[in-house]
């Protein structure tokens, strides 16, 4: 099982990072623009995964495993976050019968 | 060597064990009193381990964590805060008939996360601690979601904190990734060497650095990442607000300062400039926002923005003066702020429970004559926040001025004076309201007899405020020695 | 140590008064009286035999001081920053301490029958304010000084905010913010001074003696001095920093006004004499014309504003600003006559303003208004009060034979040497002072008693207070030398210009 | 006995203390005894001290009681100084003062504030004695201000009438304007000579100053400012007629005999300085001349008996100033003394008339009273003859001396002489107008003489003084420079005596014979304008009101709320506004919050990349 490392190396790190950045920004724009709480959570997942990609790209650039460990951490973080978040989604729907986050605007000033 | 390592990590281990014990006990016997007692006991035991840890310091426990006097100080502070929060939580949730016990588990995990954060010396442990604390907090904030009257607020606050915090976590992580991509290391103390090796670094690296700064700024609620603070403070149950204001801030500050100093990032021109702008904006906007605030929890939120702005002045000063004085100052100010906030929220907590929180300014009218002890505590806190002598807040402000003058930060000092002037107004306004006779005595939240725990928190914190304000020399000596690590 | 005792007794007495209220609401005032009398006793002892009680020759040697310090003691506080408990009193300090304790007694007298609610906390605040003021007059460590500077404000804030009149919230807030903000500027200035001292000597210290003569880098001296100046000028107060005063004085309860006008204002003047000018002699010399101008403007401008007031206490408050203008003028003339005049004005104004506020407060207590257009013809119903009003008004106008004249005369004489224009303009103050003062007598005591006001004449307690202050003013006016002799060594050591 | 000198001012002060501190509890008789008795006792001590002074044949005597102020080079002792001039003054004050006090016990009897009246009177005498006995200008200033205060208190003695209060304030403030000048004068003198001691300062000045130098002119001008204020000379004279609002004994004591002559005393006391500033000295004479004429004309138009006398006082003090201006120092003091007698007599008699007429002061409502009020008539006539300087009466000797000195004066004295002569005519005219209007003509109201030893007794003694005081020799030779003897020609002397009498004749012709319809003359056309002009003291009150009083009160009223305050309140409002703007950003909308974080990040990045 030899990996074709030669072809991997022709992709410069910047390209990988750029891809990660594009994904990250897509996710971020999603967070900023969606009104549905579930979609927002999905966009957050995209952001986190983009981060994970960036770590893996960096990690392979330096030939270290640190970045990949980081990716695992991010995965578990995302899972934990979603677990709590879905609990809140359920509560929101139960109480307000909607997932539109604009109803959550009662505290201000 | 190994045994030393175990002693070194004893606090974290002890906290973990306590968490597991609390969790297991909950599974078998749901008893609010028992669980909260266990929690306090566990936290206390963890706190006491510092006696054993002290002699072996400093020691790097793997690459991830470093236990030195500095981190131990903050860990202790965090655990004390957690004990305080636990003591406040008991009466608060007592009338709350749904399951209360999980709250303490969350509290324990959040505390654990905070301690890890304070000890972290590596981006991995940084992430671990920050998210452990963060995820626990999401749940804690929204915890009384079933409580009848105020249900919508915890939910709203929880969702807001969750989404915004996750957003900034993503930003921070991406920033870390960018930095890592350019220098190839994530250990704090390895960064200077790596930077040296990497030579000239492009804007993408700087963007990474700034994204990390932004993430820290969010947790420290610095302008322009402050906007969540009032809503979350208001919506969260009082004990959790206290946790947010004290433990969460202290842990984040501890690691941020370490990161900035150890990695020499503070010497980057970009970082100091950005920090200066954030400090000035936080001082001015935080105080302005608090000016006519009618909700005391929001008031504390805005004032925390301003106070973190003050703190930033000391951090920025580290760019020009020896880091030791700066660390000493930051530690003192954080300690003072920690004590004041805990005490302040203890007062609000004393007036509240999960059914109804008395956090409107009007609720405080005449408090001085109804319950002079509770209001005397709050007055002390407010005077301390305003930086009046005889209180810890004054010595804290003294540190800001001293470091500010020594590093000649005239602009920030001007902002500081303007901000403090505005700040005086709302602190005094609250004091004034307490001093006025109540319009009617029927609505008297303080008439409820309070459990010993809340009194203990108030008494201990007030004593600390005054002790630190009148005779700070011993504490200063301690801080001086812990700062020598930098 | 006696100075520490002086302060500690007041602190302890305050706490005792507070705690005793639960037992009996009459008790706090008795405790307060006992406390102040005990302090007065110590003060008299110091006046008679300063050496017996506390001249700590060890600390004196340690601080390298000789001569003018009658009492001096020092011990560590925050060694990290070279902050220490240094207390000292020289002739000037002793005079002002005496004034403080004496007027404390007077304000107690005015509170005796007026304060009926929450007496414990009231006397607590009263005694703590006094303690703070004595601290200010005796602290010789700049950190300690600042500490007391702020300590005296908080109880005063409480006094205004709790026992004040209809517009107390605004007044208390204004008072606090003005003094606090200016205080912060002073803190900044103190730290800059300490820092510059550290730069040139490598030693962190807040000791007044060490900081004297600190070399300040070019361009900074003015700003550091300004920090001190603004703090003191706000407290004094001088135009344009005076606006807190009319509100605070008119809204405060009588004992509060007495302490504010009688004592707190003097801390500003004291600060100028003790700190601002000696610490920054060159910059102050350059600044003196501006300061003297501000003094003159204060005298004339506030006299004019006072003239149009209808609120009796507000009017008296503005006249206080006017009189403090003389202090500013005299201090910045920095000649022996000028500064001695300022000192005499401080003492005499302490008495006359305190008495006038007591009268105004007593009137308000009796007829529930401070508006002069609702008064009139009160001489007929309260001749004793009328006599006292005339006496103290006349004293305030600067009638020779009474203390205020000595002050103003010396100030004018001393400043005339330095600036003929300033002194001449200030002399117009003599005329306008007559204009606004006499209008008070006219509106309140003369004329027809249109509203048929029934006013109980002065009580025995009040008569004792006023009598003592009368004697004090006469003493100052007829034999000022006894006070001038006390302050002279101080002024010499501070470098005031003595012509021989 | 000289060392008892200090008792002279102290005894009245003790009287003041007794009367004040009993707060009206003292019965009237006791109050009267204390009030008048203290002055009497003071006079006794003054007499004892004075006679041993004269007996000792020394030029001056000084007694230091204690050090008042000693600051740096300023040394001011609480020191009394007695020489010929202060001796004369001391006698006048205690002697005439005592008589007026006795009179006042009758005049004021029954007044509810009887004791208060005497306490002020005693304080006044004490202050006046300090003024004349002071050896330095600071102490003199103390007396100077003290008498001003008492004047204020006594003018406003009947406090229920707001007009009295106004008059009292006017008097105090206007004299204080002069005092401010005087104070500055003291400072200038001190800075220049290094002392406030009058004798030393004069010696120093003689040694240092050049004649006519700036400092000499400045000091003398400033002191003159004080003097014209106190002595009601141009341009600060307008307070004195209003001061007549006080009880009549006050007018006699303070506003005729003693206090208002303090300005004359001051200039005489510091005459050496004036000799060093000849222009100013001449100015003193000019001021006197103008004032005496102006007051004379005004007196002619007044209808209030006391105001006529008040203007005559202004006019007579004008003579004293004229004397000072031509260097006739001793004549000025001499006229001061004789004037004290006849003017006190006139005022007190006027007081008796007022009492008799039930507090009527309008002379047009009197008339033909010479039968009803025999005593008053006789006494008033004596006083009037003294005032017009009828040969043989006291005023004659002093006024003749003044006019003679003016005539002989070389530098411009002639003009002053002519003014004085014209003034003398005027004096006759207005004095006899008053006399005729009150005692001759048609009787309209009945008068009932109020009799009593304490009323008429002092009057008789004063009348004796008014007749014979001219023969007293005042012992001032050692004080003032020697004056050459005046020997005016017979013609000049005759002119001086006879010409003024024409004024008396004119008064007789107009007011007794009724040859001229005065009402018609003063009621229309140019006459009316002239009458108004004279009546209002040449419009000076009006002028002061327009250029000083109104602007000042307007300015004060406009700025009642202290515009500086609005700067602070404005900034507080600005902060509040910023708060409101800022809190708009806290919308509560989660998406806006997320966007703000994104913007924040963008801001940071832009900031970072730009740098």
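Going in written order, the chains are labelled A, B, C and D, and every chain counts its residues from 1.
Criterion: a contact is a pair of C-beta atoms (placed from the backbone, for glycine too) under 8 Å apart; a residue touches a chain by one contact, two chains touch by 3 or more.
Treat the numbers as computed from the prediction; the structure is a model and nothing was measured.
Asker: So which chains count as neighbours of both chain C and chain D?
Answerer: Looking at chain D and chain C together, the chains touching each of them are B.
Asker: Could you pull out the chain whose C-alpha mean position is farthest off from that of chain C?
Answerer: So the chain farthest away from chain C turns out to be A.
Asker: Could you see whether B-C or A-D has the larger number of C-beta contact pairs?
Answerer: Taking the two pairs in turn, the one with more contacts turns out to be B-C.
Asker: By Cα centroids, which chain is closest to the centre of the whole protein?
Answerer: Centroid comparison flags C as closest.
Asker: Starting from the mean Cα coordinates of chain A and chain C, work out the distance between those two points in Å.
Answerer: 66
Asker: Using Cα averages as centroids, what's the distance between chain B and chain C in whole Å?
Answerer: Once rounded, the distance between the two centres reads 43 Å.
Asker: When the centre of a chain is set as the mean of its C-alpha atoms, what distance in Å lies between chain A and chain D?
Answerer: 97
Asker: At what distance in angstrom does the C-alpha mean of chain B lie from that of chain A?
Answerer: So the centroids are 27 Å from each other.
Asker: Touching two or more other chains, which residues of chain C qualify?
Answerer: Residue numbers touching two or more other chains: none in chain C.
Asker: For chain A, which residues are shared contacts with two or more other chains?
Answerer: Counting only residues that touch two or more other chains, chain A contributes 28, 31, 101, 104-109.
Asker: Listing for chain B: what residues touch at least two other chains?
Answerer: 159-160, 163, 167, 230-231
Asker: Please list, in label order, each pair of chains that touches.
Answerer: Per the contact definition above, the touching pairs are A-B, A-D, B-C, B-D, C-D.
Asker: In the complex of these two chains, what residues of chain D are touching chain C?
Answerer: Against chain C, the touching part of chain D is residues 20, 23-24, 66-74, 78, 116, 138, 141-146, 149, 152-153, 156, 159-162, 164-166, 168-169, 172-173, 176-177, 179-180, 183-184, 186-188, 190-191, 552-553, 555-557, 559-560, 562, 564-565, 567-568.
Asker: Within the complex, which stretch of chain C touches chain D?
Answerer: Touch residues, chain C against chain D: 174, 239-240, 242-243, 246, 304-305, 307-309, 335-337, 340, 377, 379-380, 383-384, 387, 390, 394, 398-401, 405-406, 409-410, 412-413, 416-417, 420, 423-424, 427-428, 430-431, 434-435, 438-439, 441-442, 445-448, 478-481, 484, 488, 497-500.
Asker: Flag every residue of chain B that touches chain A in the complex, lowest number first.
Answerer: The contact residues of chain B facing chain A are 123-124, 127-128, 131, 135, 138-139, 142, 145, 151-153, 155-160, 162-163, 166-167, 169-170, 173-174, 176-178, 180-181, 184-186, 204, 230-231, 234-235, 293, 298.
Asker: Show me the residue ranges of chain A that touch chain D in the complex, using the header's touch definition.
Answerer: 28, 31-33, 35, 101-102, 104-109
Asker: Please name which positions on chain D make contact with chain A in the complex.
Answerer: 583, 586-591, 594-595, 598
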